[in-house]
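Just so it is clear, A, B and C label the chains in written order, and each chain counts residues from 1 on its own.
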């Protein structure tokens, strides 16, 4: 095993070009466990800790350019207004210690369906900025996840940042685990209201081979809100709409049975979380949102 | 070899002359400072110049014939010093075991469970050892699996152990049953006719892991005399020694064991793990060998709590008096016996719980299967039974339309009650009282998570995961009570040994206490010093490290150490005191008649009469002499249970705890938040009240864990463990653990030292059924298994 | 490979480090600092919590090569670390957490000999031993049983009190939710943190009154 320690982004890209099998390591949350438990022996480890720009973020007019290694703690503390869904998701990541080092780059690189950030990224809408010595490109989040623990990165590419749409409306995030802290998702749900475009986007984690959006649920809800004039009237969402949305969200899930939960439970829980988070975001949009302590 | 430095060798713990604290005081731990500064050396912290790292290769299948093992490629690796298999074992004896010697040091011919040790490697770096182990080629031919009672006892079932010749085979109905203990008293069939109401239930208890945080580890250092010095974390040094020496082919005196720092135990260190393996590698290579399991391996490195199926029938008259009980308890012992026979004895003899039932028909068995071996864990057979009989009590109360606590109190045992074994409970048994205490405690306020600013998710089911802001949340309250035996039962010669010395050092009388008691976190070292202060009137006490240079202390298990080794320390102190007084009489007896006539005690460094008159200073009595006594001490003998009727005075003491659980359940998502878990327990006498609370709160939390999250999941198709990690075997975090108010009763047991009662296990019993009862109360669901998972609460299992 | 970094104020160098080694392994097996504990090695228990450039992290998830040139504080250096912090006015500046510059200025007392573990006779609650307030509180409150989780909890709790000197119970629970304890049921750990906070508060008041 070789340990590559690039001092700059350019050096990192060069190293990845030279050693396409190199495994990037930043927060170490996934990679070090695989090494400690002898599940993986990469030929090269590519340390990204010395690349300072990966830990920076820029708030632009419409988007936040979030460095791949910005720790979840920083997202929780500094980006609650711009990225409320991701801030909530960040708060559910593992433990304080892990949130101090881990960032969205790791979730995206591993592309496990259980990664906590995915549903929030899908719901907020974003593009993943990846780069290689060949150049840089932006991959829409909807095209990023290509299979179980697979993503759209080429072998020589590294994740530089994520360009996330700044929230133009309320966002929520829920995750079911069988413990009240430090737990991997049994399943998770993210939702973002986008009043500017009068759309709602969603994300589902751990309930399909990849993180997914609940497309049919979104379509239904977008149409129902439009037809009912809800965006303008800001009236309360009728229970039948919430119910149908929840059913469609549950229907979008394509989960498996595993040690963390049954497929049947996951589908059920996605529906419950969809209904609740829709209610929370919509009430907030209506101006009745209450703060929730302990939430990022 | 012996001259190079070993780091982490335990040293004496001394609490200096400013330390106060005899029995009954909350004296602080003598190892506290070492533990908060990181200087306390645990078994995994041991280090020796030039040491090698040992690695265990374990079976990847549960039941298979070993067709061939090829170690040549592994041995050829640079940095590898030894590769050992069964063929390399040096002695005639190649097996070990706590009760039956049925466990191979390394697999021979076949493997019987997933993760069984097959080969060992010693190398100069753990990674070198791992890579070499990966190069050992083993060809398996898989065999049919035995995974439950049906497959174990089916006609033509594969035998997990062929040719058994142990003492239990004579009375078990099938060779795949380790031990069977029936208990018959009265006439259950006849008594059942008097029942107005009968409830039946089939209950399932999942496989719980001790999940101690300090992994199995230690260091074996070969010695110049051909023996070995072994530093390990264990619960019982002498039991280890008896199992280690024969397979090494060494006399016991050439295997010198010292207790390293122990990172928790809870029963999981009763059995041998890496001890023999490290010694074998050290003796083969002539170098010190360290073995440290990682968490993955730890799940295969020790036995777990027996999962169980329990079938219960209770009857009662219309006014709630229990008429009879029938039960059948099937414990899955896995591939090797470990402590299964004793667990069966406990499960059967305590299967009625703390209730008066004259007519019972009880059977408990432990199976041999190809599942992971199961053995000791805190509560030891009584835990599984308590989960079931307490569920039955609630079911019965519901059917009778009675308050569940009143039903329990109506049938509660008390001093003088006969157990189903025919044994009289001859010390206080305040079962009704501890139930009253938890019930009379005010309930925590509702909706504590709510404030004017919104919901605090940290106080709601789901916690930080933000799953509810109050939606679907329903409160429930549940009660349970349990009975646990203290000490080793069924005729076992249960004793401990203490060596106590008294001498003057720097002008001050000092006591030194040397036992082989394993300090596993429980605070035995604190209590020993307190006993010495009380009995010998000194302030400064030194605790000698535990090792095999002193007689056996028995195990740090069965809630027994304060009773038995505490009793041994007290006894040796008394013998030392007699000698000191004798010395005093010789020196000063002529100066004061009270030396001969009065009751004398040692107090504040002086010899004092019962009237309070000071006769002399210990410093003057002792001068430069030291008085030392090493003596064994025993509690009252017990006797075995009759193999057909289960009758016999099998137990020495009992421990009772009751819990009230208050939970909030997100009924839509099936997530549970325990709000409060109040406990009342009789401890006889609290030798160290602070430690008593720590034991009760810790035990309570382990019970909470197995109620809602903890379970080792074994795939029934492959008998392989599916979740050997802390990612998927979950234990409670601080956000899962509620406040645990404790009500301590001190009703002395006149048979025990200071009237004390063993305390460590009882709270683990009643905590689980109390939480389950509260969840049932919140959801209206029947819930016949533990742990209860979200899918069980949402109909999506 | 070779790795250079600062541990408890001392420059340290490790040679022949295998690239897959964690910071935890290097501390425990190469630097004679086994105080950080190896309970799970998968970031699920917090027993190995150390401060890396001031930030609490799981040492088991830090690759050895990643600490090159950085600052690490372990439980062995906690008492000195806390003492230095107190002498520099604690968190009064509002710049809570430990900035990198401050961490780099900090040096352990070399006379203490952090390498010499497990020797000497030490007593519980010994007033002669220099302990940080959180360490003393853990002893006094009975928060230590087997003690394997204790080093990680001390680092996490100390850091929380640094930026949240008057935590609510929910705050304490949240801050310590990454640290498993199997012995205590956490009740005495909560007591210990409350005790340390109260003592800190009282001391602050007294100093304020002078």
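What we mean here is this: a contact is a pair of C-beta atoms (placed from the backbone, for glycine too) under 8 Å apart; a residue touches a chain by one contact, two chains touch by 3 or more.
Note that the coordinates shown come from a computational prediction; the quantities given were computed from them, not determined experimentally.
**Q** Please tell me whether A-C or B-C has the greater number of C-beta pairs in contact.
**A** Looking at contacts between chains, B-C has the larger number.
**Q** Can you tell me which chain is nearest the middle of the complex, judged by mean CA position?
**A** Of all chains shown, the one whose C-alpha centre lies nearest the global C-alpha mean is B.
**Q** Using mean CA coordinates as chain centres, what's the chain A-chain B distance in Å?
**A** Distance between chain centres: 43 Å.
**Q** Taking the mean of the CA coordinates per chain, how far is chain B from chain C in Å?
**A** Between these chains, centre-to-centre, one finds 30 Å.
**Q** Touching two or more other chains, which residues of chain B qualify?
**A** In chain B, 294, 456, 458-459, 463-464, 725, 727, 733-735 touch at least two other chains.
**Q** Among the residues of chain C, which are close enough to touch at least two other chains?
**A** 18, 20, 41-42, 44, 170, 174, 177-179
**Q** Could you list which residues of chain A touch at least two other chains?
**A** Expected reply: 36-37, 180-182, 293-294.
**Q** Along chain C, where are the residues that touch chain A in the complex?
**A** For chain C paired with chain A, touching residues are 1, 18-20, 22, 41-44, 46, 49, 52, 55-58, 60-63, 65-66, 68, 156, 170, 174-175, 177-179.
**Q** Within their complex, state which residues of chain A touch chain C.
**A** The touching residues are 1-3, 5, 25, 27-29, 31-33, 35-37, 41, 45, 47, 49, 94-98, 100-101, 180-182, 293-294.
**Q** Which residues of chain B touch chain C once you look at their complex with the stated criterion?
**A** It comes out as residues 7-16, 18-19, 26, 28-42, 44-45, 47, 125, 127, 210-215, 261-266, 292, 294-295, 456, 458-459, 463-464, 520-523, 526, 542, 690-691, 693-694, 697-702, 725-727, 731, 733-735, 737, 739-740.
**Q** If you look only at chain A, which of its residues touch chain B in the complex?
**A** It comes out as residues 36-38, 88, 91-92, 172-186, 259-262, 264-265, 267-269, 272-273, 276, 279-280, 290-295.
**Q** Report the residues of chain B in contact with chain A in the complex, numbered from low to high.
**A** For chain B paired with chain A, touching residues are 130, 134, 294, 296, 451, 453-459, 461-469, 471-472, 668-671, 673, 708-709, 713, 722-723, 725, 727-728, 730, 732-736, 789-791, 794, 796-797.
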